[in-house]
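Structures follow.
Each of the two complexes below includes subunit A, the first together with subunit B, the second together with subunit C.
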Partner chain A sequence: MRTGLRKWSLLLGAAAFFALPLTSWAQLSTADIASRDNMEAHIGNLTGHVNARSTYDYKRYCVSCHGDLGDGNGEVAQWLDPPMWPKPRDFQMGVFKCRSTLTGSLPTDEDLFDTIARGLDRSAMPQWSQFTKQQRADLVAYVKHFSPRFVTEKPGTPITIPPEPEVTPERIKAGREVFARVQCWKCHGVQGMANGPSASTLTDDLGRPIAPFNFTEGSRPKCGDTDRDIYKIFMTGLDGTPMPSFADNIKPDEAWDLVFYLRTFMQGASKAKELAKTMDLKPVNPNP
Partner chain B sequence: MTRRYHFGAVLSAIVLLCCGALILGQKVNAAGEGSITGTVKLDGPAPHMRGIDMSKDPYCVKQHASNPAHLETWVVGSGGGVADTVLYLDGWSGAAQTETSVPVFDQKDCMYTPHVLALDTNQEFKVVTSDQTAHNIHPLPNPMINVGWNQSQPPGAPPVTKAWKNPEVIPVQCNIHPWMHGWFVVVKGPYAVSDDSGHYTINNVPPGSYTVKAWHEPDEAQTQKVTVAAGGSATADFTLKAK
Partner chain C sequence: MHVLSRSSLRKVVRSAISLVSFTLLLAPFVLISAKPAKAIPAFARKYGLRCSACHETWPILNNFGLKFRDNGYQIMNDRDAPIWQNPSYWPATFRMTPIWHRFSNLQAVDTYTGASTANPYGTQAVERITSSGVDLSGLDFHTGGTLYKNISFYLLPSSDPTGAFHFETVMTRFDNILGSSWLNIKVGRFELNNLLSEKRAVGLTADGGIYQTYHFIPVGDGNIFGQMGDNQLGIEYVGHSYNDRTRVSAALLDSNDGNVNLTLGANSYSGFFTFDQAVDAGKWDVQRLGAYAFVGQAATYYKTSGGVPIAGSGVGNKGFSRIGVTTQFYFGPHFDVNFVTQHGEDNAWFGQGYGNAVATDGDGGVTCTGPTATTPGCPPNNTPGTTLSALARAPSWNGYTIEARYVYSPTLIFLGRYEAERMQQQATIGTPQNIGNINLWDFIARWNPFMSNRAGMALQAEYTVMHQVGTGPTVGLTTANLNDNEILLGTDFDF
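Our next item is the complex of A and B:
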């Protein structure tokens, strides 16, 4: 009986030990985090601070998911089950999905500001557009102060996005070629239905299951649904997820072609979708 | 007349080059750097390495039609020599960067070649792809130690050149082909990786006493103390146990 108990507690202990690195990388102390309370955020002519207002807002609206230490282990986090409900972001790591900067670099203050206002579709993160801009700027400073990376590193340079060209059938066809060449379909499927051969085994950086974006079901992409947002998403990649950056392999002009082709999968009116109706667009052949 | 001058110029250039080479060559010898050499062996029989089901991607299946793919956790040669063990000097306090070559990490036949790439801190390396299928190269460092990234490499993609700032054992994966798994082992100072027969030689070791550390995935780390004489060679053999 006793040996059984010992065996089980050993086993459980070992399991807990190996699960540890999966749940969190960083675990900073309150004092360490407080040492960065002079953090600022600059959005246009607004300056955000860690102050009474942002502390109140964070503890009132954010803490239940993101936690006191910003590590994504708030009280509610345990009830969020990926891939349906992604776990809250661990701010201590300084790794963010929605950036205008290249993979492996910190987001700009504007990127974080926009994410707070926009929310993240298909997750528990709602829009916080009811906040004033000053409130949001302060919250950006508050989010940044959790991670030492915002002290030791500078945010990346935002990518240059050329002006959006006119949609034409030729551009949509060219976009289809890009879709085939860089093999978006490996995860997103040949019709953008998130059913590619690699879709079922995807995991995020902490080993938790994650689903690719389904272009056809009518929800918005995680990091925004304007044409420029979609351009940004595949050029910068969504750090912390399997979605890589394609900046080295898609030229800026081709990137617009790809945006137009992706629009043909998506619900909601767009000129690309109208044009596609007049074209004989077949899904790409996965095994030519 | 001019032709004779040309000849003279070429001749003096050659002489100058030879002198340069001699002086530079001597510089290397003057430092009296030695080496550490040895063999990494496995205690007991080689563990069974599971085969890999690549049916997710017909291209990968085709590449392995005549040579089935297996996990590469333990690559054990004849005589029990263990490959892919990283040998380095624990607590290195010498030059900030000793390794300047730019090693290549290739995605070939839907596997990583090499399976384990050792690197000095800040040493550049190149990620290339030989495959006609898309990969994404996704190292997973601890963001508090090194900064991770995730880049696509479709067929014909240009190389990705990167470096790591701090010592860390960094797993690397491809999300498209979840069996693809490798390691960047970032250390400070000179290092070596054992070959298929388990042999290794760490070169450019200044004379002195060192602790040689042997790392093997997933978390094996053994140490041995050695003393390297000026221009000499010390030996450190390791015996690992597969868990």
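Our next item is the complex of A and C:
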């Protein structure tokens, strides 16, 4: 009897586990979405609305991927195959990769505003930098109105990023220690080449295969390419993906060290990269 | 949101069906060749974007499309190089346009009154000739895209309705050189960097499919080299800010109107320079303001052999210029207005018909194969000893184009255009001031019954009227005005 129950619960659990990626979000109806037509976005002194302008722009520019209902089921979605081409985002879930806010929380309106212009590298999501600021603010409201999360929750508070210190060889070495300690290499590889032991097994929260970022290839991080952006990326995590937040494991000062160490992997000129040339910087040892 | 209701959709489909059956009853009649334009679902397929992302209406570029083009057909997100595409992806597009149209113009017609053995056709009279029928446009076969990150190509063999091909566009581009959006080069035969580009005109009629302002020359003028509407051979530099708000370009062009085989001057060059700036106008969208200058020289004397002009031998260069201002004003998502105003000037020699002694056919072929002095249809040649009449002056004129578009939705657009060409100074003292002046009106409704990232199809209705003073048929000593009109209904598709 007891074993039978266990077996059943195990089976049910397994079924639920496998079904999760498929049914993880029940489709919202048009009426439900329309009930949030009064959604606003606030960026500086701009206020964005769900209005004729954003409705028009969404239809003209976004719908082929994100779909009429914002569920990521535009006609193009079927041709995008992860991990090379991530699927368009389902806005109804209200889960976003690029945030200045802690993991699990909603992004700020500025975060979405910046993302739309920046686009998401290594995906089909273009840079929409041709819009006026007002158009973009309206689109932020439009993206938000697909998800009930933006009614029931407030956006998280942006993390505080201390001013960037001067790069030194000591800091780069300290960054290397952090990289080893918190095991970034498990996914990203000891040389940042996206070939860590876990790399090939990773899936996102919807069960789709996803590849870690390859620091050495010259592609830009999706969530921004400045030192502050990189700091923000691993301190807030990319929600919905295996890329975790390290806010609990890395102290702010150490975080800067890690940014400098990551720069030594990346293409493009940086002071850290220059310094690294003069240092005898060995990859971290995965089996100390 | 603007969505056609089911019943209105059904109504439109029903009228489309009756239109098709109506047109099938009419005999085919070949009259015009629609100008090739750039529209390439190959890009839409590659990037998963609908036509509407890049085109206000296909093929007019919007600001996103302009940025895409300026970046060398890249959306700049690290997946632009072809290695990221499925190996079966082929960046090719065909475009063709079956149409029904009715064209009406004035012609000098024999009346057979007073016919005699010496004059078997009798006197002539100006008469309106109207013809209509199902017809075809030419075929555009576009292929273009990246060969490698920041290196791209574009190839457009294009035919007239009879299937005679030429190379409309052929170019290689090198973009973001040294990682800078300010450094981009293209070489080959390409569309000039016009904000309002004729290669992207929606018009399909004979007169409405081109911009008069970009082709205008005074009556009798022999300078075919300053035509901004035609693709030109040369090398072009384009620089732009990362978000494409500021754009500059400078092109060095052969002064031969895009003709291949060095048939014309072959030793004369022109320059085409543009600058434009867009400003953020909040909810009104981005407004753009630009200026351009097309300045150059072209030959007036082709050396001859037995009186026949030798291709490519042109010397005796004379100057010309086209200087203009363009604006694109958007009044929210649904309405925009584009202006071009241009001042044109040709050297007095061009004004008297010199410049195109070999008489090119526009595709690199030469039609003047007899001695220039005696073969009918051969333009004059500035052979040694030629002098200009004391009445000859440098002609100048002003052109105005205004195109207004009402974009009901990304799939339905109404477009109206008015063009005026006005002579400022005639090439010959005593020529009436208004000879050559043009007025053109063009009205278009264009509807895409569906829109995806796979293919494009539009149903177009168009009406064009064109008047030009003193270029109609000549009967006896009087020349009538040119007075054309055309109605066109067509399906424009590409895939």
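The rule is short, and it goes like this: the second predicted complex is superposed on the first by the 265 of 288 C-alpha atoms of A that agree within 3 Å, B and C clash if a C-alpha of one lies under 4 Å from a C-alpha of the other, contacts with A are read in each partner's own complex, and residues count from 1 in each chain.
In this text, a residue touches a chain if its C-beta (ideal position, glycine included) is under 8 Å from a C-beta of that chain, and two chains touch if they have at least 3 such contacts.
What you are looking at is a predicted structure, and each value in this text was computed from that prediction instead of being measured.
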Superposition on subunit A - do subunit B and subunit C clash or fit: fit
Partner chain in contact with A:257 - subunit B first, subunit C second, else both or neither: neither
First, second, both or neither for A:129, with subunit B first and subunit C second: second
First, second, both or neither for A:59, with subunit B first and subunit C second: second
Partner chain(s) touched by A:95 [first = subunit B, second = subunit C, both, neither]: first
Touched partner set for A:71, first subunit B, second subunit C, both or neither: neither
First, second, both or neither for A:85, with subunit B first and subunit C second: second
First, second, both or neither for A:120, with subunit B first and subunit C second: second
Which superposed partner A:227 touches (first subunit B, second subunit C, both, neither): neither
After fitting on chain A: smallest Cα gap, subunit B-subunit C, Å: 26
Doubly contacted subunit A residues - partners subunit C and subunit B: none
Of subunit A, residues touching subunit C in the complex: 52-53, 55-57, 59-61, 63-65, 75-76, 79-80, 84-85, 117, 119-135, 138, 218-220
Subunit A-facing residues of subunit B, complex: 56-58, 133-134, 136-138, 140, 142-144, 147-155, 157-158, 160, 175-178
In the complex, subunit C residues that touch subunit A: 1-2, 47-50, 52-53, 62-64, 66-67, 75-79, 84, 242-244, 280-286, 332-334, 409-410, 452-453
Interfacial residue positions of subunit A with respect to subunit B in the complex: 25-26, 92-95, 103-105, 148-149, 153, 181-183, 186-187, 197-198, 201-203, 205, 237, 239, 241-249, 287
